[in-house]
Amino acid sequence: MVVVMKQGATEADIEAVSERVRGLGGEAFVSRGQVHTIIGLVGDTERFHAIDWKQLVGVDHVIRIGKPYKMVARDTHPETTVVKVGTTPVGRDTFTLIAGPCAVEDEEQTMAAVEASRAAGATILRGDVYKPRTSPYSFQGLGERGLEILEEVRRRTGLPFVIEVVDLHQVEHVAEVADCIRIGTRNAQNFELLKEVGVANKPVMLKRGLAMTVEEWLQAAEYIAQRGNSEIILCERGIRTFEPATRNTLDLAGMAVAQAESHLPVIVDPSHAVGKRHLVAAMARAAVAAGADAVMVDVHPHPEAALVDGAQALLPDEIVELGQQLAAIATAIGRELNR
Amino acid sequence: MVVVMKQGATEADIEAVSERVRGLGGEAFVSRGQVHTIIGLVGDTERFHAIDWKQLVGVDHVIRIGKPYKMVARDTHPETTVVKVGTTPVGRDTFTLIAGPCAVEDEEQTMAAVEASRAAGATILRGDVYKPRTSPYSFQGLGERGLEILEEVRRRTGLPFVIEVVDLHQVEHVAEVADCIRIGTRNAQNFELLKEVGVANKPVMLKRGLAMTVEEWLQAAEYIAQRGNSEIILCERGIRTFEPATRNTLDLAGMAVAQAESHLPVIVDPSHAVGKRHLVAAMARAAVAAGADAVMVDVHPHPEAALVDGAQALLPDEIVELGQQLAAIATAIGRELNR
Amino acid sequence: MVVVMKQGATEADIEAVSERVRGLGGEAFVSRGQVHTIIGLVGDTERFHAIDWKQLVGVDHVIRIGKPYKMVARDTHPETTVVKVGTTPVGRDTFTLIAGPCAVEDEEQTMAAVEASRAAGATILRGDVYKPRTSPYSFQGLGERGLEILEEVRRRTGLPFVIEVVDLHQVEHVAEVADCIRIGTRNAQNFELLKEVGVANKPVMLKRGLAMTVEEWLQAAEYIAQRGNSEIILCERGIRTFEPATRNTLDLAGMAVAQAESHLPVIVDPSHAVGKRHLVAAMARAAVAAGADAVMVDVHPHPEAALVDGAQALLPDEIVELGQQLAAIATAIGRELNR
Amino acid sequence: MVVVMKQGATEADIEAVSERVRGLGGEAFVSRGQVHTIIGLVGDTERFHAIDWKQLVGVDHVIRIGKPYKMVARDTHPETTVVKVGTTPVGRDTFTLIAGPCAVEDEEQTMAAVEASRAAGATILRGDVYKPRTSPYSFQGLGERGLEILEEVRRRTGLPFVIEVVDLHQVEHVAEVADCIRIGTRNAQNFELLKEVGVANKPVMLKRGLAMTVEEWLQAAEYIAQRGNSEIILCERGIRTFEPATRNTLDLAGMAVAQAESHLPVIVDPSHAVGKRHLVAAMARAAVAAGADAVMVDVHPHPEAALVDGAQALLPDEIVELGQQLAAIATAIGRELNR
C-alpha cells in the first residue's frame, strides 16, 4: 500500500501517517519527491486496509498494491484448475463445447436441441427452468416440470447439464439434477446466492455481471471459493456499452485477462453476448481462437416459436457446422475438442 | 407494433406476415415504401409480442410501439403518487431530506449521525445492517444487533427509517423495524427479491442498477407493482461509465426521465453516486434543482474510522449546512422542504 | 512515480531498477513488502516518464503520482481564472447565461433567438456557421454568409459571441467576428486544431469530448495553454453511456471535478447533453446549483423548422422563464447572475 | 419513416400529419391502434427527414426506417469491395497481415520491425510519423524526417505502407509516400479531414472512433465515399467502456456488424485495442477467426525503449510466431493468408 501526500503536506503530517503505520505493527518508507512525498506501507495489509487513510491530514490519495482476491488468484495458485462437470473436464488443456436450449419449453423442443448439440460435439448440455427476465410479462421458466424433463434427457443422453439458479432457495433442489449450477449475469453480485453455492457440493458456473470489471468478477468468485467450493467456471457473456447493434459487447480480452489473473477455467457465451443469430458463430470461433476453455451456445429447433431469446439461438444444422469449425480452429492452435 | 420488411421482400412474404396478424385476431396495415415496406399491427399487443416476427421470411426487423411497463407508467396514471414513509410524504409537491449513517456500526455512531441529520432537516433516516460488499473481505453489516440499535434510535427520535435488504429471507424481519425497505443497486434485477417486496406491506425504495437503463428500472418497479405493492420510491444513484474520477456517473437526466415516464416519486442518492465527500453537497444541490423528490445522503461523525464508505460521508457540520442550502434552492424553485 | 515489483522479483531485479533511476539522476526508495516490493522514484519526473519501466525484468506495474497537466492545474495555480468574453466575465464569482441559436439559419431566426436570449438575461450569445454533423446528408452550416449575419447581430445587440470552428483554417477568419472560439466535442482531441487556437488571440471554449475522461479533457486544454493562450473555458456537454433515453449523459460531477482540478472556468451545455427540450431547463437548473460558472442553451423561435437540433432548442418564452429560475437559484447559493 | 402519435392524439392531429406528408408529395398510411396510432410515410425520404415531425401536435416520436448511409451500404452494393494497397488486396476472400512499428523513431528501429513483419508474412506495413497524443508532453512523431525513412524502407522492401495523417494539410504530402492513408480514432469524426481524403487519390483506412457506434462509423465512411473515394478500409480498434484492465474493449462483434452492413473490407487492430503485449496475439487470433479481412499489429525490436506504446508492441520473435498461428487459423476457416 502506498500513501501519496498532498503537495503542501508538512513534516508533521508525514510523521503522523508513519506513526499510525507503526502503531499497526508495520513499517513506513518515506520517499520525499519534488512535488509529492509518498509513503510505502510494509506489514499486515489487512490491518492497513481497515484504515481510511484519505481522512488523515495531508493525505492526497492511497494506492492499493496487490489484488483484492486471493483464493482464485493465479499469483498464489500458478497451476490452473480443471473443473469436472459430470465426467467432462473444463480447463486450459482441452476445449469444450457446451450447448442446448436457452430455456426448457417442453420435452420435444429440449430433446431436439440436445440431439443437435450432441451431434455437434457438445459434451456438456445447457437448459434452464428458471429465467430471470427484464420484463415481468415475459415467460419465467417451467420450474419443477422443467427439471423433470432435464432429468429424463440426462438419463437418455448420459451427458451432464448446467442449470441456472436465480434464488438461494433453489440451490439444493436444482443441484439434485444439475451437474453444474449456473449463476446468471444479473445475480453475479447477489452475494447471498454466491455464499449459498459456496457450500453446495457442485461445480458453479459464474457469469460476469454486465457492468462488472474483471476484478469485481474475480471478487465475486472469491465469495464462492471462500466458503469452500473452488470448482468454479467463469463465463464471459458480454458487457454493457454504448453500442446498440449488439445486445452487449463481447469482451474477449476480458476473458483473456481473467485467464491470466485467475487459475480458474474461463469460458465464453457468445449467444447472450450478441443476441443475434448471424453473429453467434463468428464470436464462438473468435472465442476458441482467443483461448477460451469452452464456449456455450443456445440451440433451438424452431427459434421463431421460442419463448426466450429465439433471435440468438442456432438452428440444429448451424450448431453442427459450428462444431466442426470450432474443432478445426482448436486443432490449429494446438488444443483438442473434448469428446 | 411495426414490422419492417427487407428490401427484397416479396408480395408473398408481406402477405404471410399479414395472414399471421389476422390469425391472431388483428389487422395489418401495409405501407409500401420505395425501399422498405412496413406493416402496422393493430390488435392485442400481448399476442403479437409472443411471436418472434424476425424469424419470418422477408422480415428485416420489428419495432415496438408503446412501453414495456404499465402499472408504473405515467401515461396510464397521469396523477403522480405520494408515498408515505412513516408520516413523511415523498412526492412531487414537497422535497424531503433523507440522511443518516451508511451502515450502523454502533449505537453512538448511529445516534451522532442521526442527530446531525435531524438538525439538518431530515425527516426520514437511513441506516443499514446488511451490506452487499464487492469484496468478501469487507465488513458485511451488524445484522440483528444493528436492527436493535435502529429500533432504539427510531423510538428516541420518532423518525421513520429506510433499511436495505439483500435477500428475500430478510424482508419480513427487516419490515418489522423499517418504515421503508430498500433494494440496492446490485439487487435491482434480483427478480425473486422484487417479487417478495411486492407482497410486503411496506413502501419500497428501488435503487437503479448501475448498468440499468431507465426503461429497465421501470420494468423492475413493475415487478413490485404487479404483486400489489405500488408504494414505490425510485432512487437514482449513478450509473457505470468510463469516467474514473467518480465512483459512478450521477445521471440526473435519467432521474428526470423517470419522473416523466412514471407516476412514482424519484429521488437521488448523491453519496453513493460520486463516492467523494467534496462532491456530495454539489450533487445534492443539483438534484433538488433538477426536481428530485428527495435526496438521501450518508452522514458519519468520524468518517476516518467508518467501516463502510467513509470517504463519501458528510460530517455533522456539513449535513447541517447542506440542509440549509437545499431548503433555499427548494424555495427558489417553488417547492418546500418537508419538515 | 512508483514501480511495483512482481511477487517473484529478485534482489538483482530491484537493484537493476534502482540503478536505472540513479542513472537518470534520481533516487530510488525501496520498500520491501511481504508480497510486493515497491520502489519510490524521486527526481526529474519527465525523465522517468520517458522510460517504459514495465519492460524491465521483475516489474509488475508502474503508478504515476501527480497529474499529467500543469499549466491548467489548480494545484499549481490555486487562484481561479476569470475569462472575459467581450466584456462579460466568466469565472467562479459570477454566473453567466450564454444563449442563442444552435446554428445560424437566416437573419430573422437568429435575431429572434438572440432577442429572447437577451430578454432572459444572457450576456454572451452563441450561434454557429460551421456544423460538424454525423451524417454527410445533414445541413453543414451557412459558412461565410452566417458570419456576416452574426457580425450584424453583434453590432445591433452589443453582446459578444462564441462561435465554433471545425478546422484550423477557419480559426483566423472566425476570430475576426467571434469574441470566443469554440472547439466542439468531436474535435476535442483534434490536436492540430488545439495548437492553432493556442496561438489565436481570443478566448477558447473547449467542449469535453464525448468519450473523454476529465483528465484527458484537461490535457487537451493543456495543449492550448502550452502555446500561450490561457483564456480557456471548459464546457461539459454530456458523455456517451449505455443510456438511450437521452442523447448523452450529462456529467455534472465531472464538471465539479474539473473545477476542483483546474483553475479554469467550467460551464455546462445542457441542450446538447440531453437533446430533448423538456429536460433542458431541469439540467440547466441543476448545473447552476452544482456550481457551474455558466450555462449555455440553444434557443429557436420555430424549432419545428430548425435545420439543426430543433428537438433540444428552447422556445423564446421558455428561455425567459429559465433565466428567472437560474437567477433565483444563483441567489440561493450566493452567486449573482451576470448582467 | 413511421410517425407514432401520442395516446391522446386527435383525428385532427392525425390529419395534420397526413396533410403535411401529402404536401411533400408523399402518401400517409394510418394504422389506428388501441393505444397508439401510427402513420407510415411513403415517398421521398430525404424530404421527410428535413421536417422535425416531433414538433407537430400529437406526435410522440418518429422512427427512421432504413439506414443513414448509402454509398457504403451492403444493401445497395451486395458485392463486397476489395481495396488494393499497393499490389496487396484487402477484402473478404483473402486474409492480410499488416505489421510494423507504431511510430517511426529511426531507420534502424523501423527496419528491424519491418524485417520481422515481413518474416511473419506481412504484406502491408505500418509506420507513423505524426502521432496524435493525449498529452502535449509526449513524443509527437518524427514528421518529415520520418517520411524519408519510410520512403527508403519501402524502396528496399517493395512492400506498401499505411501512414496516419492528423490534419488535412498533411494529406497531399503523406500521400506521396503512403500507399494507404490512415485516419486515427481521434479524427474519425474530423469531418473536414474526411472530406479531404475523399478527394485524395489513395486508399483510406478509417479507424473507428473510440465512442462511435458502428452506424456512426459507416456515416463517417460515407463522408469519404461521397467525395468520390470508395477505396476505404474500416478498422476496428476497441471502444471505450468501464473496464480498466485493457486500454479499450475490442468489439469484434462490431467488426462483424460492419461487415454485414457494409461492402467495404473491415480489419482489426488488436494492439491499440488492448494496449498490453500479452493480450495482443490472442486478440489477433480471435479477429481472424471472427472473419476480419486483415489484422494490423505493432512491432518493436526494443519495446522497453519505444517512444510510443511500447507496452503493446510485439517482439520480432512474437510476430513471426503469430504470423504462423494466423495462417493456420485462416486455413481452418477456409481463407488464405495473402502472400
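The first chain written gets the first letter, and so on, giving A, B, C and D; residue counts start at 1 in each chain.
Everything that follows uses one rule, which is that a residue touches a chain if its C-beta (ideal position, glycine included) is under 8 Å from a C-beta of that chain, and two chains touch if they have at least 3 such contacts.
No experiment lies behind these values; they were computed from the predicted model shown.
> Out of curiosity, which chains are bumping into both subunit A and subunit B?
The common neighbours are C, D.
> As a test of understanding: of all chains, whose mean C-alpha position lies farthest from that of subunit C?
A
> As a quick test, compute the distance in whole Å between the mean CA positions of subunit A and subunit D.
That pair's centroid distance is 31 Å.
> Just give me the whole-number Å value for how far the CA centre of subunit A lies from that of subunit C.
Roughly 38 Å, centre to centre.
> Using mean CA coordinates as chain centres, what's the subunit C-subunit D distance in Å?
Result: the chain centres lie 27 Å from each other.
> Considering subunit C alone, which of its residues make contact with at least two other chains?
Within subunit C, residues 211, 240-242, 244 contact more than one other chain.
> If we count contacts the way the header does, which residues on subunit D are in touch with subunit B in the complex?
2, 4, 7, 27, 29-36, 38, 40-43, 45, 63, 65-66, 75, 240-242, 244
> What residues on subunit B touch subunit C, complex-wise?
Per the touch definition, subunit B meets subunit C at residues 211, 213-215, 239, 241-246, 249-254, 256-257, 260, 273-274, 278-279, 282-283, 285-291, 325, 328-329, 331-333.
> Once bound in the complex, which stretches of subunit D touch subunit C?
46, 49, 51-52, 54-56, 68-69, 132-137, 166-169, 186-187, 189-192, 209-211, 216, 219, 222-223, 226, 240, 303-306, 310-311
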